[in-house]
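Look for subunit A in each of the two complexes below; its partner is subunit B in the first and subunit C in the second.
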Partner chain A sequence: MVNLDKLLKSTEDINGLLARYGVKFGIYKNGSFKEQLFPFDPIPRIIGKEEFSYLERGLKQRVTALNLFLKDVYGKKQIISDGVVPADFVYAASGYLAPCEGIVPPKEVFSHVSGIDLVLGKDGVWYILEDNLRVPSGASYPTIVRGLERRCSPRTFHDTPIEDNRNYPQLLRHVMDYVNTGGMNVVLTPGRYNAAYFEHSYLAEQMGMPLVTCNDLEVEGDTLYFTGYAGRKERVGAVYRRISDEYMDPMTFNPESLIGIPHIFDVYRKGNVALLNSPGNGIADDKGIYYFVPKMIEYYLHETPILHNAPTYLPFYEEDRSYVLEHFDTLVIKDVAPWSSRTWRRPAATASCSAISSARRRRSDSAP
Partner chain B sequence: MDSPVCRHHFTLRCVPRTDARQRILELRHFLFPSDWLSCSRDQWGNALLYGCCGGQQSCFEANVCGLAETGLAVDTPAEHPGRERVFSFATPLTEADSALRAFSESLSLRTGSFAEMETVMQRVHEALSYQPGTTTVQTTAAEAFSMGCGVCQDYAHVMLSLLRAQGIPSRYAAGMLLGEGKSHAWVEVLHEGVWTGYDPTNCLVVSDQHIKLSHGRDANDCAINRGVFRGVAKQKTDISVIVTESEERRLC
Partner chain C sequence: MGIKSVMNTDRLFWLGRYSERVYTTLKLFSLSFDSLIEQSVDDHRAFCESLEIPDIYRDKDDFIDRYAFGLDDPNSIISNLYRAYDNAIELREEIGSETLSFIQMAIYEMKSAKRSEAPLLHFQKITDAILAFWGCADDQIDDENTRNIIKIGKRDRTDIQRDIRRLSWRICRTDLIYSQEGLRRLEELAEAPELDYDEIIRTVDALVEC
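Right after this comes the complex of A and B.
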């Protein structure tokens, strides 16, 4: 039994410390930017060792398959020619970024940090809700809170064997060193008006590397440089960038971007810098592609998926379409139309059931 | 620019490459001003010439000249046959609206054969009238089609939209035409493993008078000049293309 007495009594202290450290997240509301404290809840969700390692195995398997999918889909496209994933779901998806065609990132790693959303169903089964492979955020909050908890209530952690999570920044730095192409590591933030700015600064501090904005980085020829306070240029080999693909390089992506670094994508294409996560990952965490992840695991790894998707129906396929039309009122309908992302949540929806409508050209065919 | 700017970064797609149809025998380029220059290839294999000028400037000039041998073949074989399906999907600029979809259906395309494509090219040529200044680089195929006018970019986008509505793989090609004028654009269609060029603006099958600079899904993939700078200047871009037949050719 976990001894929580002291921890429960320390709730206010911990919330006070979180306020002092500025553990905040930003919210844009009615056009103005507000920062809010992250409220701390001392009641833990306990996951037993056995269940934890089951989840760990399942997540590793899933992320490995997703990484292989990304390499394939921007490369040989075997999974499309073998008919496992229809071409429509790749090329018409907003997450597919054509400029990434043919690029293999350093050490063949696409998704260095993956945020996989899990939900525990009423049936006691864990389901995958969605994958986040672009710019996942949130890892710093449990890390910093754990440190405070241990200070306020050392007994709880002394008496109970609890897996430590405070090595997250070290693990991340290790990954950065592994993919680094030569040069220093930096954390790139869009700036202090980003919702997760606290996290950017915290991780940079913990990993012992500079927190930079677009003004600190510059491309010259085929190399990315960091200019320090003294004006000295230093080569950059890995960028943990907390800025989305679209805004990263105005020369290749959104030309309106003021927070990007011109030509950084050209340096990346030549293999002279590692970007974490790699650009183009949006195709693998797309709502339509989600349906195919269990098939990917079988296709690339020849294994049975350990973790299951929430039951999902794709009206692209005849049999799924009739199920969706019959159970329309009890399903969560998500639109996978290109160039838009709308989700309609019906009041009667259940958490463990979702359907994905295949929009695009075929939408008119699927209407009854 | 009407006032000085700084930190000008540019990417140019103005260098033709050797392929089955054309061979580049000589190539010189002159870009001014720039602190550094580099070259690369984009995802479709187009040559990129890019660089930056950090200091102040109010004018940027890029000159590319060379000697190309054209008409070596009519078609270009597909380089990665398995990877060309991306070109059968519409992009925001080539997305068909109901009018374009109805037009596309009325053409009753079956195979994407040469004869069918000649018909499509002719129908596009008839559906639009050439009127410079009526459209911009942002104009979509659907907008140009409903106005019934445009320039070579719009002709190409309308044709791409019609073909892609039927799932026929087709791509945008930017290039130059014999004579003096602006840059040009046409369409390439994939059929039985080879790309064939059709020029709906002139209602011509692409011949030895066309020199290709780049290709892609639409005009966005083939922008001859793309750049960012710091400053509040208004800018004006002039593109001038001169293609003449060389002495050697005339002697042959």
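Right after this comes the complex of A and C.
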């Protein structure tokens, strides 16, 4: 059993340290920006080692399939021609970006950071709630908190074997080094008034790389450069960008973007810089495409999906449509537009969900 | 980390400058605050003149409130502290979370001071936080260039004036043989519209007879 007494008693100390280190998130309220401290919940969600290994296998399998889907859908499109995913669901989705056609990112990695939302059902089964493959956020908070927890309650960690999660920045740096096309790594932020600015600055600090805005980067020829104060320029080989696709490059996407870098997409297309995550990933985390992810796993990997989608019905298919019409009052109805939060009915059994990146890795002798 | 952006270079300079300004004005204000506790005569004007800031304050109480805590007053201590914070918060990857945390703590303490009937107690903690910030910057920032830019900003007029006042106060309490004329000249130089750093250094060098 985890010794939680000390940890629970340390809540105030931990919150004090979170304030000291400025662990905040920004919110816009009534037209003005406000920063709020991140509240710390001392009660952990305990995931036993065996259960965690199961989740890890399932998540790796899912992300591998999603990555293959992205390569296919912007390439040969075999999954469409083989009738596994209907073309309508691909081309009508706002996450599909035509400019990404034919582009294969460095080392063929599309989704470098994947935020897969998991929920534990009342039946004791873990379900995938949604996939986030564009600009997933939140990994810094459990990373910094773990260090503070250990400082305030060493006994908890002495008495209980708990998996360490503080290597996240090093893992991310390793991924950046792996896909780097030659040059320095940078973290690109929209700026201080972004809700997740703490995370951007903290990860840059922990990875030992500059936190930059659009003003610090420029494209010259086919190369992206970081410009220093003395006019010195240094080539950039990988950008961990915390800016949405549509704002990345005003010359390719939204022309009104003031936070993007003109022509960065051209450099990316030519393979001269790695962008993490790759533009165009939105097609794979679309709510309509979600339905097809188990089929993708079977199609690309020839494996049975380890983790389950939440039971989902797509009225596009006759059989599903009949079921939906019969059980309309008991189902959660969601718009399939990406990022849409339109939900017309809340689930009868509400369960909290969290990204696996923020799920606490627990090793416990007791079975889940 | 090597190459540094134009914006971050600018921020480092102003972080040093504003943190120094907070430290210096807090010390001077604390002395004035102490003398104003019993005084019926309002002499906050002397304070404004000495710092060459406009006297926009109605009276002693207004001065104490707005000079310390007036967010609309660009000369106030809290304004300078917030400007230091604005720069520091965008420099986490340059100066580190630990160094940044001392500016963050100074902000919290300033908020407590504003609500307190005994702000000097909190001012002391702000001074401690600023001193710890400089110490931490020296200790934990590996990049010499980064440290130097902060320190270049750290030097400002009030800093020089304070040092010269301190020098005057100390030197006459020693056995050193020094030039009275040189000391007067230093005080003039400190009050000049443009600081002549070379002349100040030469005068200090020639102050004591060896």
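List of remarks:
Here is the rule we go by: the second predicted complex is superposed on the first by the 338 of 368 C-alpha atoms of A that agree within 3 Å, B and C clash if a C-alpha of one lies under 4 Å from a C-alpha of the other, contacts with A are read in each partner's own complex, and residues count from 1 in each chain.
In this text, contacts are C-beta pairs under 8 Å (C-beta built on N, C-alpha and C of every residue); 3 or more make two chains touch, one makes a residue touch a chain.
Values in this document were obtained by computation on a predicted structure and should not be read as measured data.
With subunit A as the common reference, the superposed partners subunit B and subunit C fit together side by side. Of the two partner chains placed around the shared chain by superposition, subunit C is the only one that A:T213 touches, whereas subunit B remains out of contact. Of all C-alpha pairs spanning subunit B and subunit C in the superposed arrangement, the closest lie 17 Å apart. When both complexes are aligned on chain A by C-alpha atoms, no subunit A residue touches subunit B in the first and subunit C in the second.
Those residues of subunit A that touch subunit C in the complex are listed here as 19-22, 184, 187, 192, 201-202, 204-205, 208-213, 215-216, 226-229, 232, 234.
Chain contact summary for the complex, subunit C toward subunit A: residues 1-10, 89-90, 92-93, 96-97, 100-101, 104-105, 108. Chain contact summary for the complex, subunit B toward subunit A: residues 9, 11, 35-36, 38, 40, 42-44, 48, 50, 52, 82-83, 85-86, 88-90, 92, 217, 221, 226-228.
Contact residues on subunit A toward subunit B in their complex (touch as defined above): 76-77, 80-81, 87-88, 91-92, 98-103, 219-222, 250-252, 255, 262-263, 266, 269-270, 339.
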